[in-house]
Amino acid sequence: MKFSLIVHASPFSAQTSSTAYRYAKCLLEEGHQIFRIFYYGDGVLVANQQIAPPQDETNLLSSWQSLAKTHNLDLVVCIAAAVKRGVLDDNEAQRYDKENANLALGFELSGLGQLAEAIAVSDRVITFGN
Amino acid sequence: MIDKKSILIINQSAPYGSSKARESLDVALTCSIFEMPVSLLFIGDGLYQLINNQSPDALSMKKHEAMLSALPMYDIENIYITEEDLESIGLTENDLAIPVTLIQRDAIASLIQQNDSVLTF
Amino acid sequence: MLNGLSSGDAVLLIEDAVYSALEAHQSIFKALSPDDIQLSALEADIQARGLEDKLSPRFSSVNDQGFVKLSCEHDKIVSWY
Amino acid sequence: MLNGLSSGDAVLLIEDAVYSALEAHQSIFKALSPDDIQLSALEADIQARGLEDKLSPRFSSVNDQGFVKLSCEHDKIVSWY
Amino acid sequence: MIDKKSILIINQSAPYGSSKARESLDVALTCSIFEMPVSLLFIGDGLYQLINNQSPDALSMKKHEAMLSALPMYDIENIYITEEDLESIGLTENDLAIPVTLIQRDAIASLIQQNDSVLTF
Amino acid sequence: MKFSLIVHASPFSAQTSSTAYRYAKCLLEEGHQIFRIFYYGDGVLVANQQIAPPQDETNLLSSWQSLAKTHNLDLVVCIAAAVKRGVLDDNEAQRYDKENANLALGFELSGLGQLAEAIAVSDRVITFGN
């Protein structure tokens, strides 16, 4: 089946982002297809390449990145949510006159239309967090 | 390219205290722009979003009530609350900022069934 | 957390907690004697949420200065989110 | 949100919600007929929290594959955080 | 330079689902290192932190129970729960990972009064 | 009186950080002293200089900065919480091999000992968020 996931919660203060990752991994192992993962609200914070998790904790950012690389996943970060949280690609860094882009490799900033499309074309849409 | 899948957005969060209420409206408006039929259900604390006479100036925040008033311009007119929830907070339809459709709590299941996709905020 | 209150304490509702000052929710506070425990809610949050005319009479409205004053009057402050 | 359930639906508790599968909290689910609504909780979350031997018999333990399977079997998924 | 103010930390959050439980312990250990007497009260969902036989391997998270076991090494030995809370989740002291002091719910007020400062997690 | 504040909640998804700011401002207007503001948990995210709030929304970062400048406030960001959330000063950026520091001007990274000290020396400590 074709799935899309919405990830809402802060990856630092809630288990939810990590549950979403485990679920996505299992979906793929079971032979399902992931059309898109859409990060919204504080969920976008996982796409900040400045993140430096303690060595004895899971690095959720690199987990998503390697899953995306292996399975060619479409990881879309809500642009409005990201910009106000300081997660910027080159374009947005320039637009808002910030020195550096910090969007992690493998993620892409885009609008809520990408969420609408994901809902439209997926057999199942599962929200992690609300 | 986009199917006209219908969406039910369930709102269970109060306004102002968290950003959920606004995020929910942003998704509702976007889906509507993409011509997907959108219904909104306000339950539990979500019902508080609809209380009238909101005046958030001292919080330097946008008036949620005003954003809700824009819904008809986006063709979002299926707005539901339950009689039980309204009664449980001791308010009446006169206390609400926008017109709503009152349903019974046990009609929520069919509202979910009638729509193709459900999001919760 | 109302269990932790004792005579002379004050309760100030802020942010979304001000909804608890609605008349319909007063059973939450029924164990608290009005003579012992002062109940109030933050004005800015009440106004934002359209509750000005809808509060239980047990609650007084307190502005930011009043919040500061309450903080000074009580030597222990327990935040409850 | 249990109000939204109808016959044939399934409830899966995940993360901190698995605590609701403790016997002591079963009054939450008493309106749901066992013949109509399937109740389960996510294995990884149960084990993490030390609840393996403490769950109400109404709940079955479901692993990540089972979570995926439930998602396929039901054409509508309502998340409830 | 640092006064020996006593601190009561009230824990109302379950472990694993949020980072509160760990943040609370980090503060408790730090205050203890700075020789401030620390008491811990676990109430409501916070009581779940103490359940034994936790096994979070599948979540790739640290075992909260193990972190609690380190408390005595930091001289944190005043650990309270209420009888009412324990009863309300249908468990007994045998289900708990560490030794605790059982108090009545109406003793919470005096616990607050006995300490100089109160933090909630 | 001498106050310290602890700010816990995400400035983007909860009202709490903004309530804390209003309270701090009022404290100072009423003639009280603020010994320290300690940012912990997702509260540290307000100190990311990459943040670009929409023009029609309050910029909580610059609000804190200007309050701090006027009143010479001690704004301390929990270093462990900040590093795992990708909020880094020069030292930490170097230590974790990240390209750029992004800690906003006026804030300082330090340990939980600063919180313990704030509790010890303040007449009142108020937590915003938990």
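Should a chain be cited, it is by its letter among A, B, C, D, E and F, assigned in written order, with residues numbered from 1 in that chain.
In this section, contacts are C-beta pairs under 8 Å (C-beta built on N, C-alpha and C of every residue); 3 or more make two chains touch, one makes a residue touch a chain.
Remember, predicted model here, so these are calculated numbers, not experimental data.
Visitor: Provide the labels of all chains in contact with chain A and in contact with chain E.
Guide: D, F
Visitor: What chain lies farthest away from chain B once each centre is taken as the mean of the Cα atoms?
Guide: That would be chain E.
Visitor: Is the contact between copies chain A and chain F built from the same residues on both sides or from different ones, judged by whether over half of the numbers are shared?
Guide: The interface is built from the same residue numbers on each side, given that over half of them are used by both copies.
Visitor: Computing the C-alpha centre of each chain, which chain sits at the greatest distance from chain D?
Guide: F
Visitor: What is the distance, in whole Å, between the centres of chain D and chain F, each centre taken as the mean of its C-alpha atoms?
Guide: That gives a centre separation of 40 Å.
Visitor: Just how far, in Å, is the C-alpha centre of chain F from the one of chain B?
Guide: Taking the mean C-alpha position of each chain, the two centres sit 34 Å apart.
Visitor: Between chain E and chain F, what distance separates the C-alpha centroids? Give it in angstrom.
Guide: 26
Visitor: Can you check how far apart chain A and chain F are, centre to centre, with Cα atoms defining each centre and the answer in Å?
Guide: Chain centres of chain A and chain F, defined by C-alpha means, are spaced 26 Å apart.
Visitor: Among the residues of chain F, which are close enough to touch at least two other chains?
Guide: Within chain F, the residues that touch at least two other chains are 12-13, 15, 41, 57, 80-81, 125, 127, 130.
Visitor: Got the chain D residues that touch at least 2 other chains?
Guide: In chain D, residues 15-16, 44, 77, 79-81 touch at least two other chains, as defined above.
Visitor: What are the residues of chain E that contact at least two other chains?
Guide: Residue numbers touching two or more other chains: 12, 16-20, 59, 61, 117, 120.
Visitor: Which pairs of chains touch one another in this structure?
Guide: Here the touching pairs of chains are A-B, A-D, A-E, A-F, B-C, B-D, B-F, C-E, C-F, D-E, E-F.
Visitor: Along chain B, where are the residues that touch chain C in the complex?
Guide: Residues 14-18, 45, 48, 51-59, 61, 65, 88-91, 95, 97 of chain B touch chain C in their complex.
Visitor: Can you list the chain A residues touching chain D in their complex?
Guide: Result: residues 1, 3, 8-9, 15-16, 19, 22-23, 26-27, 30, 32, 123-130 of chain A touch chain D.
Visitor: Touching residues of chain E toward chain F in the complex: what are they?
Guide: Going through chain E, the ones touching chain F are 1-5, 7, 12-13, 19-20, 23, 26-27, 30-31, 33-34, 36, 117, 119-121.
Visitor: What does chain A use to touch chain F in their complex?
Guide: Touching chain F from chain A are residues 10, 12-13, 41-42, 45, 48-54, 57, 80-81, 83-88, 92-93, 96, 98-100, 102.
Visitor: Note which residues of chain C are touching chain B in the complex, please.
Guide: Its residues touching chain B are 15-16, 19, 22-25, 43-45, 47-54.
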